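Both complexes shown next keep chain A, but they swap its partner, so chain B is in the first and chain C is in the second.
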Partner chain A sequence: MLDDVDRPALRWRESAAWFPVRRRGLGFRVFAFNRIVALLLTAYLAMHFAVISSLYLGEPAYDRLMTLFRSPPFLAFDVALILALVYHGLDGIRLVLVTLTVGTRHQEKIFWGLMAAGLVILLYATVRLFRI
Partner chain B sequence: MEDVQRLRGYGPWAWILQAASGLLLLVLVPAHLIGQHFSGNQSPIAYAQVVAYLRRPISFALETLLVATVLFHALGGIRAILLDLGISGSRERSLNRGLIGIGVFLFVYGLVLTTFVVTR
Partner chain C sequence: MSWRVRYQIFRKTDGAPSTFDTFTIEIRPDETVLDGIERIWAFQDRTLVFRHACHHASCGSCGVRVNGVETLPCVTAIQDVTADDGRVVVEPMRNFPLIRDLAVDVSPMFSRLREVGMPIVRGVEATDRQAMHRFENCIECGLCLSACPVAATSSQYLGPAILAAAERVVQEPRGASVPLILELVGGEHGAWQCRSTFECSAVCPSDVDPAEAIMALRARLIRERLRDLFRRGPARLQEEPHAR
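For the complex of A and B:
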């Protein structure tokens, strides 16, 4: 990590350094993808704040809205949301481990192990959401 | 992973705080999802269930901590991405002030909303 002293203004090509993923290892590709997922989750957070504000409208209006949200298209959106949360959270564990230099040599195995755990969580959440 | 550590957006402290808040969210987000979405017989839960859930002091405390942590983590992430895009100097200070302002506003908004719900 560089400190503040060594932070020159960057040209665009350099400034987007976290995004080009060619010729990068799995760790960097996953990190870049995780940032895109993070931006989507941030957009969802803003939307979530807006939606729960409907609590101000009172019980009948809120419950009508929730009935709509229990329809299959919205539940499918919830599954996509859980997928994003699980991916972001579990890859975050890998990033913390890398920072602590734990399992650096095995980070590819760690990544796929975490993703396997994530798949189990996602399947459970899908079953719960759709009452399969 | 040296590539990641060469990125500028996270100074050492910003990275530690981002990681710590992320780890806390690994507990708080599942707690929120189980309490608010998977606890009843339907998801999302109805208004009356939201009220009943938030009236439990432990739930209210967890939700308040969640709002603070998720805002810190999300806004810290946006800051890191923008700093990686080359923002520095006075623009960085303005960015910091702006993000703190947004964070404080949304936290107070969330607190007012949950307080409104439990006092119904």
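For the complex of A and C:
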């Protein structure tokens, strides 16, 4: 057996094996994208806590931030956030279904069906956001 | 009609850094990737180490990654992975200890298969020649383990082939202890580690569909847990006749 197969570089390459999606199936791509989205949502949550903490700076500071967040560029960011939440949540429903052996062999069709529903939710949410 | 194909083959020997060696060969498009590897070994580099035996997807010993995807090179035609004047990248399977070049040590997989009762090969009852007959589709090639992203990040994960085998035992115990198997697959490194990428089923050359087997195990484990909620006394996994 090769004695240096546990080198850190090789270990890192193996640990990152979940990421390269080239020539992989839909399930693998959805899984990798889901992980990335989860990381982004975690980062968003941290940012959200930071923004809420601005209340400590007083009401005017918080109001200024809220005004800024209602501008179109930030509303576009909100749309991206809803997209991430909808994608992550709906794919979670697919995972629950296949875990309960509901449509395991049709999991790709279930995914696309849920994504179609997600698109409707996203469009509705976008319209509502920009009408506020 | 022959094609000119460049093989880029992963090389690794003890103590040396890994490299990719390039070999150019003439090969017919309907020949297999393994035909090319054997030609390279026969005419260009006798030090190339790789595993193979049956040449018809029965033994499962030649599994490698071709252009990044796990496959049996003995049944993969050149025309399916490249074009004339194209290239084929051949690498060893992931998630197994590397022996050398394209050869990996698959013994960890067999050790774990033994933990779940080695259901793939079973002794035949009432036979006078004590032969071992194959009853299942799995050819123990290990491609599913190589393709699994969880096996890549957790060395203790049982993996798709083992979980599929365990599901087979649960389905048809033939005297094996189902509660013990369920305890093993319901544990920290068992069925719940699966991330449902279905890549194991995608690369399986033998239609075992390990992903579906893992989902069936999970459903069975959920049923057992729900029963435990309404059961008096200490929780325990029960024998249950399995019907599909």
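Assume the second predicted complex is superposed on the first by the 120 of 132 C-alpha atoms of A that agree within 3 Å, B and C clash if a C-alpha of one lies under 4 Å from a C-alpha of the other, contacts with A are read in each partner's own complex, and residues count from 1 in each chain.
The rule is simple: a residue touches a chain if its C-beta (ideal position, glycine included) is under 8 Å from a C-beta of that chain, and two chains touch if they have at least 3 such contacts.
Owing to the predicted nature of the structure, the values given are computational and were not obtained by experimental measurement.
K.L.:
Looking at A:107, would you say it contacts chain B, chain C, both, or neither? Reply first, second, both or neither.
P.N.:
In the superposed model, A:107 contacts both chain B and chain C.
K.L.:
Compare chain B and chain C by how many residues of chain A each one touches, and report the one with more.
P.N.:
B
K.L.:
Just chain B (first), just chain C (second), both, or neither: which does A:98 touch?
P.N.:
Once the two structures are laid over each other on A, A:98 reaches both partners.
K.L.:
Of the partners chain B and chain C, which touch A:28 in the superposed model: first, second, both, neither?
P.N.:
Both partners.
K.L.:
Classify the contacts of A:128 with the two partner chains as first (chain B alone), second (chain C alone), both, or neither.
P.N.:
The answer is first: A:128 touches chain B but not chain C.
K.L.:
Can A:63 be said to touch chain B (first), chain C (second), both, or neither?
P.N.:
first
K.L.:
If we overlay the two complexes on their shared chain A, which of chain B and chain C does A:55 touch? Say first, second, both or neither.
P.N.:
Once the two structures are laid over each other on A, A:55 reaches chain B alone.
K.L.:
Identify the residues of chain A that lie in both the chain B contact region and the chain C contact region.
P.N.:
1-4, 14-15, 17-18, 24-25, 27-28, 31, 95, 98-99, 104, 107.
K.L.:
Show me the residue ranges of chain A that touch chain C in the complex, using the header's touch definition.
P.N.:
Per the stated touch rule, the residues are 1-5, 14-15, 17-18, 20, 22-28, 30-32, 95, 98-101, 104-105, 107.
K.L.:
Inside the complex, what are the residues of chain C that reach chain A?
P.N.:
12-15, 67-69, 94-95, 97-100, 105, 149-150, 152-153, 195-199, 202, 211-212, 215-216, 218-219, 222
K.L.:
Show which residues of chain A lie in contact with chain B when the two form their complex.
P.N.:
My answer: residues 1-4, 7-12, 14-18, 24-25, 27-28, 31, 35, 38-39, 41-42, 45, 49, 52-53, 55-56, 58-59, 62-63, 66, 69-70, 75, 78, 82, 85, 89, 92-93, 95-96, 98-99, 104, 107, 125, 128-129.
K.L.:
Which residues of chain B touch chain A in their complex?
P.N.:
Residues of chain B touching chain A: 1, 3-12, 15, 19, 22-23, 25-26, 29, 33, 38, 42-48, 50, 70, 74, 77-78, 81, 83-86, 88, 106, 109-110, 113, 116-117.
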